[in-house]
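A, B and C label the chains in the order they appear, each numbered from 1.
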Amino acid sequence: MLRFLLRRVGLVIPTFVAVTFLSFLLIHLVPGDPIEVRAGERGIDPQRLALLRHEYGLDQPLWKQFLRYEGQVASGDLGVSVVTREPVWNEFTTLFPATLELATCAILFAILVGIPLGVIAAVKRGSAYDYGLMGLSVTGASMPIFWWGLMAILIFSVALGWTPVSGRISDQFYVEQWSGFMLIDAWYSDDKGAFASAVSHLILPTIVLGTVPLATIARMTRSAMLEVLSEDYIRTARAKGMAPRRVVVIHALRNALIPVVTVLGLQVGGLLGGAILTETIFAWPGVGHWLVESIQRRDYPVLQGGTLLIATLVILVNLSVDVAYGYLNPRIRR
Amino acid sequence: MSGVENIVTVPIAAEAPPGSLRLFWKAFAENRGAVGGLCVLVLLVLAAVFADVVAPHSPIEQFRDHFLTPPIWQAGGDPTFPLGTDDVGRDMLSRLIYGARLSLIIGFTVVTLSLTTGTVLGLTAAFAGGLIDITLMRLMDIILVFPSLLLAIVIVAILGPSLFNATFAVAVVLLPGYTRLARASALSELARDYVVATRSAGAGRFRLMFDTVLPNCMAPLIVQASLGFSGAILDAAALGFLGLGAQPPTPEWGTMLAGALQFYQRAWWVLTFPGLAILITVLAFNLVGDGLRDALDPKLRR
Amino acid sequence: MALLEIRNLAVEFATARGRFRAVEGIDIDVDESEVLCIVGESGSGKSVAMLAVMGLIAFPGRVTADVMRFGGTDLLGLSPRQRRHVVGKDIAMVFQEPMTSLNPCYPVGWQIGEALRVHRAVPRRKVRARVVQLLEQVGIPSPATRLRAFPHQLSGGMNQRVMIAMAIACNPRVLIADEPTTALDVTIQKQILDLLVALQREHRMALVLITHDMGVVAETAHRVQVMYAGQTVETQATDSLFAAPRHPYTAALLDALPERARGRARLPTIPGVVPGIDDRPSGCLFQPRCAFATPHCVAVRPALAEVPGGRSRCHYWLDDAGHPTGHDRAVAA
């Protein structure tokens, strides 16, 4: 198992280096003079230009610049936002918990609803339930998230008034942010209504963001389940006199979940992409919204640093999924 | 006794095996969702091709007297604008129809670009092997590490927001899928006997690649392509929504939704119809793609 | 009264190409301590018949029988829950492919113990000891260390022993073994067969052994039932079957045994293939491949009739010399 782990980590390192190289190149590829891009200013006078060029190391050959960038990244210096003048790293760490909270709730929603739905569809294969579920699932996977979010707001917030329209919590509550997770912070705050407000603000974005993973997980679970249920060892379990529910939940499910877990890992990339759109619609103060704004405001250091951080995150998550897969599948574990 | 036959054979009624195209269509037609999707697609293509004839108005003409007209079935609706108008008086229906043309072109361009590039790269990787293979696959891995929308956004940030750049960005994002698929198919074909036979007959590499192996890899690639259409349309619309794709007044469905949130109270139709169009189109492509996959995969037939 | 009594068992599948009778008109009788071998080629329906007894035939298959009794209890009238108390406990089955018939996610000790736990055969705290005892009984060395092994860590022969341990865990009265050695190495085959026979004798179980190997039949069976294309074509005691087969198919099977080919240059084979769903012959199902077939065989389907030694489904059942009785003209094979 340890060897497996080390090998996986080893494979990841060149990818990581390549990713940092690409993000390093971003400043040079974007339209405009790299110095102006970094400084966020236009029409800098020649003296200041020369000063900045030296300060940013842009007078060095490219490979030296890259090494310098690598060093900076390793020490956590990812540049400074040209809009807020705050270090990119700080902004990221402030905003990321919001995205993490949303993404975590969305994926939990997708798993807790998707897997049972997929199992039931497989067990009741060919029934109206199965067709209905798969129909809903393919529809959910075909939805443009941004539109679905708008529709959800229209129906549930505006027409029905069940949920709030935007933000993480009502303005009337002030909550001390120490963990960054609104649910946790609101729970521990003195204001009793704060937690309920935080939850109600989380519901709609969670469902919207979680719809596509839900559809994918349900379909994947169903097809994995169908394959497993036709295996010989399921017949053996039935021949042992095991009840149908036991056969499904204990004998089949564990085997079916193995491919589903790999699919789960792939969802992370899509989740972050979906978060960009969801946060924009619900005015959710997370990194997705931050990145979109950075383009509109030509805040390229933020785009550069933010992209690198997110790509790193995806690499780490993929690694964890690989490890989890190795754990679940006894053939690799022993 | 005479006249008793001892060797008896029973005539077995044999049917001529149906042609493979007919078999395929039969399997495909079993899936009612896929057939429905196909019908929708045909309608869409017709609308897109004959947009000039079918659409009642020009998609970019602004009717100054008719800002935010509701659809025909609502109070205040106007028969000249069956689905209402947007905030600068443009007819929704016409914009949707021209938008169909745009979306189909986008989908087609993206899929053609990624499919051909990906197939060539994948086949090259499979045939060349060794360092070239590893390098190409690493490149694909790197593309895959970035969330697809984020990568598309970055590419558009570099190239500048426009419909063409958005199309290109989406094609890049979808590239790894085709490359890996082509490579995997080619690798499994390469291990087969008929390839070894052709090789020993002296066929050159290129000939081997395109004449012999490629036709047998087509099936999964076709399925991926039809599903790729839907991904392309969704991603391009997302870029449009963020203001990074087609720019107004181009009637791209995602772009139409870009500024629409502010109208959620006053003019729900500006919000609803473009997204509905995206949903129906993508759904149709997905259903057809699923139907294709089920029909082409012998394991799934009962 | 037989321990397992089955009359007129039929299994029908509704397929895309029409209704297919995989098994029809099967009668089975097994007594305690008896070894019954069911013999036939692939496609003869021997496995399907036993799966039907176990209740393992699912939609689109339909099982019908006039009688299906186990120890006096009518199996057909049982609810699924009641049936589950019998299947796996009093009637157990061992399958052909040991490598795929065990759940890859759970250790073998757990899988054997499950049968004990769910059927409450043994109090919880004694399950582990009993599992070790069972592993010992089936001849697995150092059983205590194997409890936590996974199926993929064990060889085919070991896995088959595990399956057998699992099947006998609750001391079943009938054990059905569906070609238990076909997927194993030749050297292991004999060991497994010997194990089955030893267990059968020790526990006084009824053993129904499904096989296509006449050699196995000769060594282990008390009685033999020969199946072809879903029907029983002959039943007899082993010795008399080998001495005087009463059905042309059985005779042909025996002729194809290498041990019986004395001095011949080529082994006789049976021309043709077992009929599938598309090509059911009219009249006798074996008639297209039978050397003795007459127009009467094509026209009329023979019934299973009493003959010296047992029963045979043939209009011209074979006499002690191997010639068809009542035949107008004997045809040289």
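A few points about this structure:
Heads up, the rule we're going with is that a residue touches a chain if its C-beta (ideal position, glycine included) is under 8 Å from a C-beta of that chain, and two chains touch if they have at least 3 such contacts.
Predicted, not measured: the structure shown is a model, and the values here were computed from it.
Using the average of C-alpha coordinates as each chain's centre, C ends up farthest from subunit B.
Contact counts per chain pair peak at A-B. Subunit A and subunit B have CA centres that are 25 Å apart. Measuring from the averaged C-alpha position of subunit B to that of subunit C gives a distance of 52 Å.
Centre-to-centre, using mean CA coordinates, subunit A is 55 Å away from subunit C.
Counting only residues that touch two or more partner chains, subunit B has none. If you check the complex, the residues on subunit A that touch subunit B are 14-15, 18-19, 22, 26, 29-31, 135, 138-139, 141-148, 150-151, 153-154, 158, 268-274, 276-277, 280-281, 291-292, 295-296, 300, 303, 307, 310-311, 314-315, 318. Across the complex, subunit C is touched by residues 231-233, 235-243, 246, 251, 254-255, 330-331, 334 of subunit A.
If you check the complex, the residues on subunit B that touch subunit A are 33, 138, 141-142, 144-150, 153-154, 157-158, 160, 230, 234, 237-238, 241-244, 254, 257, 260-261, 264-265, 268, 271-272, 274-276, 278-279, 282-283, 286-287, 290. Remark: subunit C residues 54, 56, 81, 84-89, 92-93, 95, 97, 100-106, 114-115, 118-119, 150, 152-153, 163, 166 touch subunit A in the complex.
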